[in-house]
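Below, subunit A partners subunit B and then partners subunit C, in two separate complexes.
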Partner chain A sequence: MKTNLEFGPICRALLRNKVGAVLIALQIALTMTIVVNAIFIIVERQALMQRESGIDEANSFYLTSTGFGNDFEPKRVIEQDLDVIRNTPGVIDAIQINAIPISGGGWSMSLTTEPGDDQEDVSTANYFVDAHGINALDLEVIAGRNFTATDIRWRERNQPDWPDNAMITKALAEKLFPDIPWQSVVGKTVYIGDDEPVIVTGIVDKLQAPWIGWSELENAMLSPEKMVSESTRYFIRTEPGERDRLMAELEDTLANAYGNRLIRNVTTVTETRERSYRQHSAMIKILSTVMVLLTLITAMGIIGLTSFNVNRRRKQIGTRRALGASKQAIVRYFMLENVIISTTGILLGVAMTIGLNMLLIEWFAMTALDWYYIPAGMVVLFVVGQLAVLGPALKAAATPPAIATRTV
Partner chain B sequence: MLSMNNINKVFRTDLVETTALRDFNLTIDEGDFVSVTGPSGSGKTTFLNIAGLLETYTSGQYVLDGTDVSNLSDRQRSHLRNEKIGFIFQSFNLIPDLNLYDNVDVPLRYRGFSKQERHKRITQSLERVGLANRMKHLPAQLSGGQQQRVAIARALAGEPRFLLADEPTGNLDSQMAKSVMALLQEINQQGTTIVMVTHDPELAMQTSKNVFVRDGQISEHETLVPVALASNQ
Partner chain C sequence: MFYYYLKLASKSIKRTPWLSGLMMLAIALGIGACMTTITVNYLMSANPIPEKSDQLYYVQLDSWSPHFAAREPNEPPDQLTWTDATNLMQAQQAFRQSAMASSGGVVQPDNPDVKPFMASLRLNFADFFPMFNAPFLYGSGWQYSDDTARKQVAVISKETNDRVFGGENSVGKSITIAGEMFTVVGVLDEWVLVPRFYDVTTGAFSETEDVFIPFYMKQVMQLSNGGNTNCWKSPEGEGFEAFLMSECINYQMWVELPTDAERDAYMTFLNAYVDEQKALGRFPRPHNNRLSDVMTWMETEEVVADDAQIMMYMAFLFLFVCILNTVGLLLSKFATRNGDVALRRAIGATKGAIFAQYITETALIGLIGGVLGLALASLGLQAIESLYGDFISELVHLDATMVVLSFGIAITASVLAGCYPAWRVCSIPPASQLKTQ
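Right after this comes the complex of A and B.
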């Protein structure tokens, strides 16, 4: 038997009894607003967290060596240490480095393509590495050449000048010289501190700066230097699976190799990434929890309202059954009622979602919501609504038609 | 029109077994206006529920307008109910959130009629009970008698083969009861078979046939002789 959908009568009945329906529609709208924006923020944060630093994070760690005593000779100890580390089985390569990518602390500077203090500059992170830097950091020189031993110099404390050459990331090359192919940047001169020339001798594929929230995260320069300092940091890349063993082993080895120093802060790059992105992951967890809770509360609200309506309308449902409604027709009635309430809430939610996103853009400089989040949110909330109403609707359908003849 | 043979209805709980109808036999012919009377708990409502396909029975045979309903599915019973039976309830059972038009429309939608057909039937049936000018009113805006008239209009709109009325005047004052009874008689005279459960012997006397039920069975010697029948004899 063909049954007419009761769209009109349901709408009219809802308008006469609107408080519960309006509250649920508002709850759906609010849920959609928060859930869609939260998902967008989560996806954005996840994308940030998934950015590659460019180094072999899984197999790398670093440690700090701090010497003390009048007879401490930094250059000799550093050379000895690097020699010991590089010759340890399981180590691929090691360098002394001034900063660790994505760790939160490091050096930055400004580069210009012409001398003079009125030139537009580009900011970059600066890493001091020797000729082993490329191998230790697992970078690839995609144009030009790697440093050679003769390029490397010792940087004394507070030394103001810079080496004659440097390698830069492809991203930095494109920022500095946007009008020429990045490969052509090799051989170009850039200027540090307005007028100190440095020739770009190589371009590496990718190396992130230490600051994950920095807008110029992909800008990095490798300077061919080793630092004369009592406190120094070694970056070590190991064979796959050897990292954890070598962390303990090299800590002991270095401590035993030279007595007047402390080996501290033995840390994996994986831990560093986790620490640096902790705020992001916390935000994702909080937003996910809020989303799940809100969706559950909305679903429970729908279940509650429908259950209340089913109990309140038991006699009506029995009467409808007596008048010829099949069980399916009763289920369909409640599902359709929910479609009307949900659609109202969802449409209001679309406007509120866009409104909240506009406010977030204005207040927190967030990016605009991608259009497809809105239809996706609409579908999700629609499905949640229909699933939530199904249980009470089936309960309603089980109402016996004989209830219609009961007078109490 | 309606034939019940040895119908038994037993209600069972974990502790108690109650027989509501016992070897119940009844035949109602087309055009009859049958009143069903009997004391409270005698089985009148159970009979009505089974006759109206609102409830199943434990054993026996029930043939409604040529269809043995014993093995029908819930969906088939709903269909049959919608097509063949019109219900009039003691407390009217109008849906309070729907206006009169939408109330009368309820069974017609389940029937699958077109919008035009439904409109025609709703208007005609409301006209028939004298409430066509109030079709946008809500039930709460009507008197009890008017509400029962709407319920009658709802029952008639689908042009059923027979009407089942459960104490149709039970909630009405005597004046309104009279007018509702007159309407039912008019409907019956136009060919619709009516079965009416009532406590009121005066109303029962105005029907063409009376069935007195006691302890789940028809009690022949207590059966009333309706006025029309008596005058014929």
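Right after this comes the complex of A and C.
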């Protein structure tokens, strides 16, 4: 094999210019370390961002109504408002709700399957909705039944007790009763805040909690109640394409319907998702930029150094060409030289990649890298190295053999 | 001599524009990335009240459940119950002290042209203002006697004053907050705290509140809970009072203790207080009370986001790669000059002179890279602001320290990068090089 024979001279030539080769290898190793870890973080964050909240995000929005003045009657205004909103053309349904999924703020309680404060508990987010909740939030009751108008009660200010029944998500049903199929959780009694019994009358398919960083994100409980409060939130689901028009229209309608109140924070769920996940999308964008720039810098470094080597060895290249070496042989020389440097760098890079990942786990409680990121990173860095060296190598191959005869 | 080297350096840079440009770009990118991330981290971890951050202590009492800790591993809750907040305030055992809560309410200006608006409220005691060096534009805070007398007095922010009173001195005027009449006793000047250390439970980089009113107004006006409310057991009984008397935490407390002796004394007082409460059947957990000074508390609450730190370390690695890149390119560049160097050495230049000449060149490259890097950093900070949104806007401005630091890093980095190549080039034996010409 001809290529094998070329390893000897290449290695000897490299040893004469150790520092340059070592620098490139180090650069490749560090680039691999950063790129692989960055890609891993990016993929992880993307997976987080793709989780679905369970509600009709594209066609929903919400707003806050805050009444003031001493003659403000919350119950009457809330009933009127809901009536007005529900009868507006383009609105599918609307509810009063205490918290918005994935928005960052809400209620949570602990549930147990036996009464008592020493029981193992499961935390859940709590949403207060009426019989329209399922429709407005675009949920499906997959076992049991939806709330009816007779289930709904008013929760007075600071009233601590809970209605007799509730619906829970399938995920929560499975967490509470891991030993039985989720369908049979309907009819079971759970205890809220240690000792207050609540009967599960329905299971819904999927609804996320308000806190996207919470480990119990899929645990949610729907409580059949409306709240007596000056400041209240309405959640509105519209026909596709009607959302933006209705946001402006309903803001005006509600503000005009009753003078002594403010309508504020008219917000789409799309915007809420963007805000909640902004940190992750920012991290993805920043790391992507860093990765691209870094790879470019390394590639440029390889190009610069190889070009320099090519220039310095013009005479030798010319001599080789004059002695009968083909153009391919010259290109192959530089490519092989890069293979040796890259392989060294990549092997070092594997160790450093794992090292950085371990540090990130230790310092920032991150998860361990999946093994296949490493071979993928090795291939990418290898290809980048070969591509970078190709230009200068072709230039080297174009060296006319006649140059060997000059200036010597 | 230096000027001559500078001329040589700029000539040499012009001779190889691509290679030099690549080096400057590499340094600029590395510096830009580092500056951007260092600035964000630096401002996140800034000491918001350096003059007395070691005299202000955040109070934590472990009032939590006998069966599990408020925060793993065995950390006390991050807030207090109403009962404990008011008891500690009544004891008045510290030099200064203020329990706090947050809430919100509609402000209804008397002027019919100004629309009612929702204002963020902070409920606090008189000591809050002197304790945190709140800057006053007009008037001052209220007295502790106003707190105990449950007087309806308010301190408003500059922004609120501009909005409601058109910016004039409103001390003595009345303002309707959440349906009640308050008398304005003070107007704050612009008050930017980064981080807003006195309450980080609702995000460390929130703004200071619109209106400040006495803490007991929470009870008097039955104001809603702002921030996080956590309970390990449900309130006993119904209504607002039952909630206040419950084991639910929603209140923060700071004390000012100028000396270590006072701090130790206050700790002893806290432990004695908890024993007293234990006798009443509360505090089922063993003693676990804390007094954390400002910077310790910021660290406990992890005010500097993990992502910001990860990015900073990544940026350092990035800069390191850029420097390696520059060293490699400089080696190549200087090696083409072996002939010149040999000639200069042969006609009498010392090694030191050659070294100085080439180091000047790398420093010049570093300087230009640094300037470019600074420009990239301000672009980077703008990008960060647009990626993260408004809440971070206090974190994304370059200050003088950062500018000096970035030039420092840029020049140090490039001179370090240039050392080895310059040493290599000045240590070539003149004779052998001259011979091959």
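By definition in this document, the second predicted complex is superposed on the first by the 402 of 408 C-alpha atoms of A that agree within 3 Å, B and C clash if a C-alpha of one lies under 4 Å from a C-alpha of the other, contacts with A are read in each partner's own complex, and residues count from 1 in each chain.
Throughout what follows, a residue touches a chain if its C-beta (ideal position, glycine included) is under 8 Å from a C-beta of that chain, and two chains touch if they have at least 3 such contacts.
Keep in mind that this is a model prediction, so the values were computed, not measured.
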Superposed partners subunit B and subunit C on subunit A - clash or fit: fit
Touching partner for A:30 - first (subunit B), second (subunit C), both, neither: second
First, second, both or neither for A:206, with subunit B first and subunit C second: neither
Partner touching more residues of subunit A, whether subunit B or subunit C: C
Subunit B versus subunit C as contact partner of A:322, first or second or both or neither: first
Subunit B versus subunit C as contact partner of A:66, first or second or both or neither: second
Which superposed partner A:13 touches (first subunit B, second subunit C, both, neither): first
First, second, both or neither for A:226, with subunit B first and subunit C second: neither
Superposition-derived minimum Cα distance between subunit C and subunit B (Å): 9
Touching residues (chain side subunit A, partner subunit B) in the complex: 1-4, 6, 8-9, 12-13, 16-17, 315-316, 319-329, 400-402, 404-405, 407
Subunit A-touching residues of subunit B, taken from the complex the two chains share: 45, 48-49, 52-55, 74-75, 78-79, 81-83, 87, 89-91, 93, 95, 97-99, 102, 105-107, 109-113, 115, 118, 138, 154, 158, 166-167, 170
Complex contacts: residues of subunit A adjacent to subunit C: 19-20, 23-24, 26-27, 30-31, 33-34, 37-38, 41, 66, 68-70, 117-118, 156-161, 193-194, 196, 231, 262, 264, 275, 278-279, 281-283, 285-287, 290, 293-294, 297-298, 300-301, 304-305, 307-309, 311-312, 356, 360, 363-364
For the subunit C and subunit A complex, residues of the former touching the latter: 19, 22, 26, 29, 33, 65, 67, 104, 106, 108, 116-118, 178-179, 222, 224, 231, 233-235, 237-240, 242-243, 305-307, 309-311, 314-315, 317-318, 320-322, 324-325, 327-329, 331-333, 335-336, 383-384, 387-389, 420, 424
